[in-house]
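Chain lettering (A, B and C) follows the sequence in which the chains are written, and residue indices restart at 1 in each chain.
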C-alpha cells in the first residue's frame, strides 16, 4: 500500500514530518509561555520576537563572528536569556501587582520594539542559514527519504521539552518553582529568594524561545518577519491546551503541528487557519481548554 | 462636570468640528474621526466593561471589506453600504463574542486575537477580497444627490455619523445598561451574585462595540476608496489598544485624544522613519503601561482634581 | 535581664494597603522562651507574625532578631536569620508531595532535625510521604507544616493557630511537641485562640488589642489574672 485516500504515502509522511517539526516549535514556545505565565502571571507577547531574535542572532553570529551552528545552539539562548533578565528587571518587575492585562500590553510593546528594531536595521528580506554539515542529507528508508535535520529538530525539541518537564515535576529546583508558583509569599518566607527565581524563570522561558529560533534557522528564511504570525498561532495553541499543565503544552503543541501538516496534504488552503478552527471547536465543546483548570 | 456644562462643551466641540476644514486638511480629520470612532467603540469594551479584545481589527477590516464589496460589486448606495458594514460588524461581533466570553481575562484577549487572525487569513485567501492587493477603486457614491467625491461634502457626512455614534456611546455608558457594565468591570463575581446575567451583558457590549468598529471601518473604506489587509492585521488591533490606553481608558474623550495623537504621529512619521514607527509605537506602549496608565485625559482629570485639592480615585 | 533577648519588637506599625493594622507593637522574647499572643479575632495577632516575616504591606518601627534589624529586610532574608514560620492556613502546597513539602524550606541555620528524626516524631508523614500534600488530613497537614520548619535549623518559630480545628488527641500531641521543643531551647511565639492549649505552654502571655500590646502576664501571675483574661477573651 503506497497511497492513503489517494495521497502518495511518502508525501503524506513528508508532511507529517514537517508537521512534527512545526509542532516541536509550537511545543517549545507554548512551554515557555506556560512556565512564564505560571510564575509571573504574564502572557509574554514578546515570545515570538524572542524566537525571531534567536534565529537572527545565530545568522548574525555565523556571518559576522564565524560562530557556527552548534556553538550558537548554546550561546544564543544564553544571550537571549540575558536579554530576558534585562527585560524582567527594567520593565516587568514593576507591574506584577497590576492586572495581568498590563503584562500583555507591556510585552506587546516589547515585541514591537524588538520586531521593528530588527526590521529597521536588517530589512525584511530573508537570509539563508545552512544546515550544519553533520545533519545534511537524508536517510533512505526505502519508501521515502527522511531529512536528517528535520529528525534532529524533533529529537532536540522533545529532549528539551521533556528535560524541562522533568526538571519542574521531579527535582528539588522544580519543587521551588512549583511552590513559588502556588504561594510566592510563603515560599519567600521560607528563605527562598522568589524575586530572583521569577527573574530566572523569565530568562529560562526566553532562552527556550531563542533555542527554538536557532533550531528553526536552517529550516526557513531567517528574517525579522519570520515570527510575525507565529506568536498568534502559539496563543491559539495555548488557548487550546490551557496553561495548567507542562505536559499539556508539549502534547498540544506537537499535536497541532501534526494536524497542520496533515491539512497541508488534504486541503492546503486551510493549513494556515486550521489551528484557529481547532481552537473554535475546543472553545465550543471544552471552554477551559484540553488540559485547562481555570474557568 | 455636571450634565449641562458638558453638553455645552460638546456643542462647542461639534461647532469646532464643523468649522475645522477651514484650517485643516479635511481628509486628515476624517481619518482621525474614523479611528476615533474605532477607539471609542473599543473603549466601550476595555474601559467600561473591562474586556481586552486584542482582535478588534477584524471588525474594522471585515466591515471595510464588506462595505467596499457592497459599493463596488452590488452597487449599493453609500448609506446602505455603511449600514451593511455596521450590521456585518455586529453579526461578526455576536459570533466572536459568543466564543470569546467563554474565557476570561488574559484568555479572552488571546481568543479574540486568534479569531482575528482567522479572519485575516480568510480575507487573504477569499476570492472577493482581492488577496494581497485588497479592494481598490471603491466609489464614494452620492447622498441625496450630493456627490461625496467632494471631500467637504463627505466631511460633513462623517462628522454627523461620528457625532451620532459618539452620542449613542455616551448614552449607553450613562444608561442602566452602562452602569451594569461598570459593575462587571469592577467586580464580576459580585455582579453575578447580584443576579445579573453577566455573559449576556458582556455579549451585548461586545456586539455594540463590534458594530460601531464596523461602522468605523466602513467609513474608512468610503473615505479612501479601498480596503486592505492592513485594516484587519493584528497591528491595527494593537493600535486601537494603544489609542485607548494613551488617551485614557474608561474616559469619554480619551479614545478621541489617543486616536488624534496616534494618527497624526503616523502621518507625520510614516514616510520619514520607516519601520521605526513600529519601534516608537512599542515604546509608547511601554511608557503608557509603566508610568502613564491613566492616559492623557485621565491624567488631565487627576491633575484638575489635585489642583482643587480633591482626592481622585 | 537574665536571659539574652532574641526578638525585640518596638513601635511596630503595619499596613495592608490603606488599612493600618498594627499601631505600635512593643514586646520582647528571650532566647529559649515560649510566649503566646492572645486576643480577640482581628486584634492583630496574625498580622504581627506576618509583619515579622515581612509579608504585610508597609511596615515601620523596629524588629530586631538575634541582634539584627529586620524591618527593611525582604522575607527571604528574614527567614535566613533563622526564623521558621507556620502560617494560619498551614500553607501546604498542593502541587508538592508530602516529602517535597517537608524538604522545601532551605536550611537557615545549623542543628535542624534530620528527616529521619522528623519521620520518627511524625510517623503519619512517613507513611504518606508520596501523597499530594493537600490530600493529608487536617491534623497531618498541621504536623507537616510544623515538621518542615524544624528541619531548617530555624531557632525562632512563629506558630499561627496551630491547634485550630483539630481533634483533642492531636492538640495534645502538638502540646507535647511544643514542650519537647522548649527543652531543645527553641524560641517560640505562639499565636493562639485556644487559651487552654497556650496557657500551660507559654512562659509569658501578651494580650493584643487594637494592634497594640494591652497587657503582659507571666506564667506565675496567671492564676491571679484569670478574671481579667476571662473578661477579655471570654475563656
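Before moving on, here are some points about what is shown:
Going forward, a residue touches a chain if its C-beta (ideal position, glycine included) is under 8 Å from a C-beta of that chain, and two chains touch if they have at least 3 such contacts.
Quick caveat: nothing in here was measured; it's all calculated off a predicted structure.
With chains as nodes and touching pairs as edges, the resulting graph is an open line.
Distance between Cα centroids is largest for the pairing of subunit C with B. In terms of C-beta pairs in contact, A-B outnumbers the other of A-C and A-B. A summary of chain positions shows that the Cα centroid lying nearest the centre of all protein Cα atoms is that of chain A. With centres taken as mean Cα positions, subunit C sits 56 Å from subunit B.
The distance from the centre of subunit A to the centre of subunit C, each centre being the mean of the chain's C-alpha atoms, comes to 44 Å.
Look at where the CA atoms of subunit A average out and do the same for subunit B: the two points lie 32 Å apart. In subunit B, there is no position where the chain touches two or more neighbouring chains simultaneously.
Annotation for subunit C: no residues touch two or more other chains. Interface residues of subunit C, counted against subunit A in their complex, comprise 53-55, 74-76, 78-80, 85, 87, 91, 93-96, 100, 103-106, 108, 149, 152. Across the complex, subunit A is touched by residues 52, 54, 99, 102-107, 109-111, 113-115, 117-118, 121-122, 125, 234, 238, 241, 245, 274-286, 288-290, 293 of subunit B.
Across the complex, subunit B is touched by residues 43, 91, 94-95, 98, 100-102, 104-106, 108-117, 119-120, 229, 232-233, 235-236, 238-239, 269, 272-273, 276-277, 279-280, 283-284, 287-288, 294-295 of subunit A. On the side of subunit A, the complex with subunit C involves touching residues 172, 175-176, 178-179, 181-183, 185-195.
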